[in-house]
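In order of appearance the chains are A, B, C and D, and numbering begins at 1 in each one.
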Amino acid sequence: MIIVLKPQASRADAENILARIAEAGLEPLHMPGSERVVLGALGDERVLAGLNLESDPMVESLKPILAPYKLVSREMHAHDTIVRIGNMAIGGSAFQVIAGPCAVETRDQLRNTALAVKAHGASAIRAGAYKPRTSPYGFAGHGPAGLRILREVGDELGMPVVTEVMDTADLDLVVEHADALQIGARNMQNFSLLRAVGKAGKPVVLKRGMSAKIEELLLAAEYLLAAGNDQVVLVERGIRTFETAMRNTLDLNAIPYIKQKTHLPVVVDPSHGTGIRDLVIPMALAAAACGADGILVEVHENPAVALSDGAQSLYPDQFKALMDALAPVVHAVGRTL
Amino acid sequence: MIIVLKPQASRADAENILARIAEAGLEPLHMPGSERVVLGALGDERVLAGLNLESDPMVESLKPILAPYKLVSREMHAHDTIVRIGNMAIGGSAFQVIAGPCAVETRDQLRNTALAVKAHGASAIRAGAYKPRTSPYGFAGHGPAGLRILREVGDELGMPVVTEVMDTADLDLVVEHADALQIGARNMQNFSLLRAVGKAGKPVVLKRGMSAKIEELLLAAEYLLAAGNDQVVLVERGIRTFETAMRNTLDLNAIPYIKQKTHLPVVVDPSHGTGIRDLVIPMALAAAACGADGILVEVHENPAVALSDGAQSLYPDQFKALMDALAPVVHAVGRTL
Amino acid sequence: MIIVLKPQASRADAENILARIAEAGLEPLHMPGSERVVLGALGDERVLAGLNLESDPMVESLKPILAPYKLVSREMHAHDTIVRIGNMAIGGSAFQVIAGPCAVETRDQLRNTALAVKAHGASAIRAGAYKPRTSPYGFAGHGPAGLRILREVGDELGMPVVTEVMDTADLDLVVEHADALQIGARNMQNFSLLRAVGKAGKPVVLKRGMSAKIEELLLAAEYLLAAGNDQVVLVERGIRTFETAMRNTLDLNAIPYIKQKTHLPVVVDPSHGTGIRDLVIPMALAAAACGADGILVEVHENPAVALSDGAQSLYPDQFKALMDALAPVVHAVGRTL
Amino acid sequence: MIIVLKPQASRADAENILARIAEAGLEPLHMPGSERVVLGALGDERVLAGLNLESDPMVESLKPILAPYKLVSREMHAHDTIVRIGNMAIGGSAFQVIAGPCAVETRDQLRNTALAVKAHGASAIRAGAYKPRTSPYGFAGHGPAGLRILREVGDELGMPVVTEVMDTADLDLVVEHADALQIGARNMQNFSLLRAVGKAGKPVVLKRGMSAKIEELLLAAEYLLAAGNDQVVLVERGIRTFETAMRNTLDLNAIPYIKQKTHLPVVVDPSHGTGIRDLVIPMALAAAACGADGILVEVHENPAVALSDGAQSLYPDQFKALMDALAPVVHAVGRTL
């Protein structure tokens, strides 16, 4: 940790902070310059977080040297973690495709959609029983009934199922029915939920919040690993920017950056990442090209009548076109589909 | 609702959509132009949300005519709502100051801080027992023990207390101890929490999410009103932008805009809104000048050793300076302090 | 154009606006609803821009039906425009690579870098003689001397050269030496420059501003086409967002979106788009996968001593690795390299 | 300057960089830690900018200790600079109001508007003869004829005039007619223009770019001071964020922050800062409350027919209401109007 003092800081101010650093068990360092006094703290600076040195009125700024996360860091764990969701492994050489409707609407709707995505090569089903909706008047999912349909269709087709949990109160029920628990973008910093899901013993699919920095996504994952669960898949699903042409701005820079920083797998959601059906295929190809471990994509047997997110859902024949286009790109980067 | 069709849409496509509009009970309108066909739906267009017309592959774009919220709208309820939190009324002619530390750390810390803010004119105490923290290694609050201290200090000083609830599982306990329930910025779209808090029978202090549009804040409030609770105070606490000089960008434009759109009171949190102690006073004055109904401000008996948010917390004598500076500005805009 | 009136608008207010629409030569339309009066204007609504209806105090909001640009629109010109810069054609089946240093530093530096990128397959050289620098104390380029070196190296190697023009006062000199004129991100809305460059008779490489919406990029291009020049290549080079891990957020969503809206070619600059050398290769592959017509990439014979942008410049052997990795991805999407 | 090396950096890598620091005349410092080697450079680190240490492949990150600007810094020049534009002084105890239409449309329009704003207390006239317009089809100002009208009306009323210069080619003509040269938001990083305007010998009104960090605004001002002109007024006019309810997000945090960092005066443009007529008055009051030295506000004799920016222009009687409301707030913060 580097600590820059304000110009008016006295010798005594500096010594006071150096003493606090030493008390915390780190090696203090004093670098008086002509315009500013700079202090250093050598060692595991994470213990300094508790000192809240930024609160000191004589501190101008802090510069941490190390990342604030540990368990998710590739520095601590160099090899790629492979996450197993049912019979699907994410993070290895296979590029995985998780597909399905935004929400479980009816058994037929889910089953028909799942049959179609399975026929064209998807490895797992995604569908929501609990749906976060901006308006209280929107369709919020069928809850427990939706979970049961999802489980039954997954079992019938032999496909693992991924579904969102929005509330600690629903966690047991979702754990009982799902192969992986999704934490949605709006809940990425619902820390009560993160702690509870971390202890639930199921793989987790953690979506980046719409205004979350990558570091914050990794710290959210750190909550899960700190609770004992390293079966975590990160999801880039678009961030909120000034651009209004699309629903979100898909941040593909995040993919190679995240792969450098963490051992956890990362997949891309081009459906939420664009919000526009016609952009899903090119962005799925781009995701594969820049190193994502898979995609999470919305498909509906008939998007025109979908109860939610229809504008970004693919028709089954578009999903086939996606898979056809994806194969050569996945192979071009040395992976399998 | 105005519906613009894609150039390739046929007459039959238009008629299909017009029929769906009529079925929903609205008056359909057909406006064929030289370059686009435009359709209209006259009436309470909120019933159209369920049709999800944006999912139709022949629809280019939609323009709603009415706001998506109803109960919070000033069009539905023209007069200002006054929210009563204990003996404090927010939304009337008095400009209210809610002050206190970020977190309950110890009984002495809370009591000393509360005595100081009361002496200088604060009307209510704010302090957290449950703290959302970006890192799992940060101080997350004392939970139930913190709630008890908060209640006791509030009772001793005769001041209402506002504190955050982060999880539906903690709701009963927080309701038992607090005069108002705060929903934090990271939980503004935790819809399970919104629904539960809406039914809890206590006033709510709802903070704008760091990337929430004003419309989304109003829709989050709509969840609370739809659950039967109209005692809701909105809080502007800074949004996330590209600017890195401050922790957040305080969006004061939002204050007069929100006052036009809704009957609910709105207060400003200049502490989170800036993240920098030295900017709190000028931004509190600006909040009063542009029409806010009060402020929510962090004060600590000794910010230099605060366990959280010390860099943005005022010292007690700075809080006195704030109150001294605030009075003439509040009077200048015709209100009382 | 759809015009929504405020609730308090009277019948006379509506008629006044309808009369202005009719005077402008469009067909006026009156749609009185229960909560708002909505007006329409059918025909070429671009003539309405001059009416500035948004200024009317009785107008609540406007919704244009058509895009504000015409000449760049694919609706006006369905076929892809192919831009020829020297012997390079951008916008056809070949994926083009334009490479070189940020700035012309010395003849040797440019020549060595250009030899390296040519050897590995680049089609054109990029390098700046005039450099926009955030600080007045940064290296701002060698100006005319840089232009001469650039021209000579281009001629010697038989490669077209692309370089930035920052000021109308330098335009003649840049036109004399360059095969294409680059307009930088910071000048995307320098309308005097756009008008002058539009008349200069050379192909233009137009970079998206760091906070420019795609629509604004297309309107900047419209300036060029309106001045008589349709040889325009658009460049996505990253936008400014809240994310601080990278210099910019590369917005690859923009590529397929732009290809749908305009007939002009679009290339990606993964160097500025990330600001981090190690992210350039994956993002170049992603650009090829999602439909870009080429890339603009910074390469330096020794980035560690570059006078500008070294942190994002590739070493020559990294450029070779880029080209090796790019080939299979380009072929996977059916193009040639 | 603090330099953090990558984990794989060797002893030799560190020594190489330390040698470069010493060669540049600074004192090098070596701080080997358990997880990273950190280097320091003590002295006037601005000379290090030329070394571009961030380009070194062994450098993980840099932390400058000092601000990158000097001449504009309050550390270099502690006292407030007062800028004189004609008979108006900005930066002293008087809160200044510069008002007028977006553009000079006709002599009558300008004269009537100027008479109105003068009658209600404005100190200077603002109006554009050269207008930056997003679309090539918008009204771009009357150019030289507009300048002449502006000068004549200013002379007649005895008010100084502020007008925008967009191109170095127009500079002489604008200098001849204006009392202060405005650099618009889109040209804040038009460095050729900054250099030329810095030498023109007239006060400058420099608007913050819509995606410019405050540090970048101060560096743009540094261009002007480095060219010999310290008569510079900074303008906060709103930044671009994800919020779409207003045209821009007015960043009032910037006002007290800028006042701490620089000795230059800063004014607020609540017209562009909101884009909505009804928000102008409250935001002007907020600007005064948080320490701005004045406002720049758009007023039109009849905004409903303005050729540009009518939706954000005040009617003359609204301008009177603004001045009436402003007086007590300006007095409340101890200034004069």
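The working rule: a contact is a pair of C-beta atoms (placed from the backbone, for glycine too) under 8 Å apart; a residue touches a chain by one contact, two chains touch by 3 or more.
Just so it is clear, the structure is predicted and the values come from calculations on it, not from any experiment.
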Per Cα centroids, the chain farthest from subunit B: C
Selected interface, B-C versus A-C, where C-beta contact pairs are more numerous: A-C
Euclidean distance of C-alpha centroids - subunit B vs subunit C, Å: 39
Chain centre separation (subunit C, subunit D; CA means) in Å: 26
Distance between chain centroids, defined by C-alpha means - subunit A, subunit C (Å): 31
Subunit A, residues touching no fewer than two other chains: 211, 240-242, 244
Touching residues on subunit B, where the partner in the complex is subunit C: 2, 4, 7, 29, 31, 33-36, 38, 40, 42-44, 63, 65-66, 75, 211, 240-242, 244
Complex interface listing, subunit A residues touching subunit C: 211, 213-215, 239, 241-246, 249-257, 260, 273-274, 276, 278-279, 282-283, 285-291, 325, 328-329, 331-333
In the complex, subunit A residues that touch subunit B: 46, 49-50, 52, 54-57, 68-69, 130, 132-140, 166-170, 186-187, 189-195, 209-211, 216, 219, 222-223, 226-227, 240, 277, 303-311, 313
